[in-house]
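The structure appears right after this line, and notes come after that.
Labels run A, B, C and D following the written order; every chain starts at residue 1.
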């Protein structure tokens, strides 16, 4: 077979190589309209309001007295840094916001964050250190492994442990754990948690005009994505979607060409990508290389910048989400002010400037903690007790802490890129548009 | 042409040369003999700029070159056939010879190019593409001689050219050296094989323990009893 | 899973083209490692830096990507010279140099993340459609497609590797470089000036990172930790190709990526990271094993 | 002469044992949780740096695979806790032995040819790391990619009940490693290894069985790293491939050893202490990128200014007591 293709291929490459060089010679590499549009450009102006329910925003009052110090550990350097930096920005924003509103009970809020370089062992010692330094409260780190590594010291010291991104909800932390990103919440059996989130996804695709009959799964070897796929696959099969391919790939894979060719060969109705970060960009790169366009595609945990970077190609892409910046969730005063100030701080830090899952989860975790403090005072035990007995209004919805590991409600949602915008399409009560499935 | 004055070379705290004086006149062939470890190689290296000099001077045509870099030697008209040949083993015969003409001054002098070496050793022409590492010791020595000669040096330094070679090859090598000597090249020959060396030299120096212990014409030294004792390092 | 021969051809083609990109990164590493004795991991960081600088110049100044080379190539030449000068000044041994390049590797990752943010940057949306749309190969293989950027990678790799191979094997300075590596002392007595030559080689090797970096910027989304993902493929290509052999490095990179892609097509892709290293192990272990078998057989015959 | 050596040696042994006993007695009871947790990481790094130096520092074969041996210990522990009910001592032994066995397999292959010396050895060990990562992340028995939640399994056992107990185990491992390192510095075994570093050909011609020495020491070094990995699994609570096998670990270990210097057995100990403390102090400057840059720059500067590391650059008067011991090794 080699001898069969060798010569023509070589000639073809030579021809195309000349074409490529010609292209570059004509200066046709960069688009003439140049700079990309700022996705946050058309955000409406917003007035400052209190970030949490039950608190008044006193813009004229300077906070005084000892600060309430919240400690946290984030992987600000290393491979996890892109998202962790976002959570740092959210924390900085919240602190400024609260202090602009006169602080909590008149006391200023302070946030002390240490870098753990993505090493769980360092997360543990960072929290020990923060607790040793007598911070008043702690905020959870970024990522499932880090959240579990931090849980030890935090729980032992009796601190409330709000987390934004615990990707391993079935691993028990305890009654002091207050997650804002509720994955498959509401069940008491930890082994069913991911099944609950999978059901949401299945319901979403079933709501479309053409539910997929065949699905190809490509999953990154990453705990959360593996759990997602493991639960989604049987749920989709029960819903009548045949599995036409199932591969796993190494975390950090950048070359997806073989997987793309497998997908092309199977040509499924839906490509389920249990991927994160830039996986989707690299997969599309591989699709481009072979000139394939998937019929439908879903991706679990993509970096917003990666989706944004796909441009027009992303239209119709489904992704897991808990929040997108549009009504009804994005219509509150708090959401508007958060969206506006977040786009400013993110622009400064060169991060994706729109609020989506990560920033929303980060902010909601702060809302949970601040509500607890506001209602129960500067005392971890009181805060834990209060939160366990009450619901909290957050950006992403009403959080309660009744289920296993305090995942009381389910915030799994499905978003879609429609006309270049991110919009929730499921469940209906938070959706901003209907799911759009091309015939 | 070459004058060495009170040359001292120390390796750390150990003295390798303890004040050597030596003269090589233009057109002469001079032998440097002595036992293993007497300092011959150190002296040769110091002359070629491969070994920093502690004190003293090396004059070439009256100019002190002892602090000039090794890479200036081709410009000064000096070339070496090093001990153990030290060819570039992963390169072909041709490329090794070409390196003899690396320096611009060397190329000006060696206008014949590689033909000089090929005419001297016809077998090298046939093997010009062979990698030097795969050749026999004798063939390698030819390449080493060729590499030094293509630049038509004014002063050729040979360091132990017979070391590690079979007797029959040694004879061949010395034939070539005699041919070189017959031309008007100035030759400094460091050798343990004193009989062969002295018999083709105008003069000789005997080194022992880092100092010159004897000097004289080739025949004088060959007949001297003291050479033997000095050579054996018993003085 | 049954795979059509076209799918195989396509995956091999993609692997080969990606191999070209890794080959152009491996080129600089191979030259520095083979001829200067420095296993320079900083070269990977330089490639990343080249990609980021290209990104900035293209996305903010709207430069043509090829125009950026006017800035990056000379700048990287100077960086290469500077780093090598440090090694010379320190009289660094191979291992010390390796450690220093690792320290620089770490520093660059942090510096890039500080300057450009750790978030993903993607030049692709800014590229003209004609440059991002894949091309079909002409008859009789219209089923096979290639991307213009991959062809660019191919052209860059072939040009850089070709020029390097020619310069090393066929020019006076190239022979001097080879000679210097094998016996620096004797090379000097032949008039080879080691210091300027070493600095120049290091500078030129670093310049290739500027070109490879440009291709990277056009080819994939950028993040500061990208070099860590290249280490495997690049190091394996460098070692398989034979240290200091530009053509070897390119060929090895192409072969390894083709094998890895073919593997991912037939077998579980999650094992593919081990494939490149498996190939390397087989290659390294193969030599001694064959020799051992041959020797023991000879020994038995003699006994 | 002999008496003096013995006295110096006894002093060293006494020092190690004394420090360990003191640390075990004082740190868990008097220190805050932070001090204990920091102390645990501190002794773990010391054990890693000393065990790396034991083979790589002495023989000159720089390994980039030390993180793998450490990780293998961690994963062996996680697997044992998950699948069996054996006491922690057994787990500890299995962790050490698994790492050592891996090292023996790799060592037997790699040391069989003189080609694989120098940087080539370093890269082969790096390659080993990539392969082991792939294997662990694909075998469901070990991990399978979803991570192992160790805390569940360790809960209720002595070792899982407090960080103080982890600190005690970690300190014992570090002290044991230090004793082995000390033994290597004064014994014929260590002298033989160092002769390999100086000139392997000469060493071999002098009758040093270099192959055996290299394989065995590599295994001991790896085994000690594997031991250090065992309590780490419980400390982490949740074991995940991406976090356990990061390339940062071997790099930091090498950095520690080079900083501390390899000319004295306790050099890596000083290096580990300095790096750990400096890293902790740099956490306060507020810019994580800047602290990474500073750490890298300091490293380059130390290589440039103190080629023999901190311990090798201390004035001799401070280290005179150790000098006879080292001479003794060359008898």
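Operating definition for what follows: a contact is a pair of C-beta atoms (placed from the backbone, for glycine too) under 8 Å apart; a residue touches a chain by one contact, two chains touch by 3 or more.
The chain list, named the UniProt way, goes like this: A = Leucine-binding protein domain-containing protein; B = ABC transporter ATP-binding protein; C, D = Branched-chain amino acid ABC transporter permease.
Remember, predicted model here, so these are calculated numbers, not experimental data.
The greatest centre-to-centre gap from subunit D, using C-alpha centroids, is found for B.
Inter-chain contacts peak for the pair A-C, counting C-beta pairs in contact.
In this view the innermost chain, defined by its CA centroid being closest to the centroid of all protein CA atoms, is C. Rounded to whole angstrom units, the spacing between the C-alpha centres of subunit B and subunit D is 52.
Centroids built from CA atoms put subunit C at 43 Å from subunit B. Averaged Cα coordinates give subunit A a centre that lies 75 Å from the centre of subunit B.
Distance between subunit A and subunit C, defined via averaged C-alpha coordinates, is recorded as 34 Å.
Among the residues of subunit B, none is in touch with two or more other chains.
Across the assembly, subunit A contributes 76-79, 221, 248, 250 as residues in contact with two or more other chains. Counting partners per residue, subunit D has 134, 137-138, 145, 288-289, 292 as the residues that reach two or more other chains.
Working note: touching chain pairs come out as A-C, A-D, B-C, C-D. On the subunit D side of its complex with subunit C, the touching residues are 62, 109, 112-113, 115-116, 118-120, 122-124, 126-128, 130-131, 133-135, 137-138, 145, 247, 251, 254-255, 258, 287-290, 292-293, 295-297, 299-300, 303-304, 307. The touching residues of subunit B, counted against subunit C in their complex, run 48-50, 69-75, 78-80, 82, 86, 88-91, 95, 98-100, 102-106, 147.
Residue ranges on subunit C touching subunit B, taken from their complex, read 172, 175-176, 178-179, 182-183, 185-194. Interface residues of subunit A, counted against subunit D in their complex, comprise 76-79, 114-115, 117-122, 124-126, 128-129, 131-133, 144-145, 148-149, 151-153, 156-157, 168, 171-172, 221-223, 226-227, 248, 250-251.
Remark: subunit C residues 1, 3-5, 7-11, 13-15, 17-18, 58-60, 62-66, 109-110, 113, 116-122, 124-141, 144-148, 150-152, 154-155, 218-221, 223-226, 228-229, 257, 260-265, 268-270, 272-273 touch subunit A in the complex.
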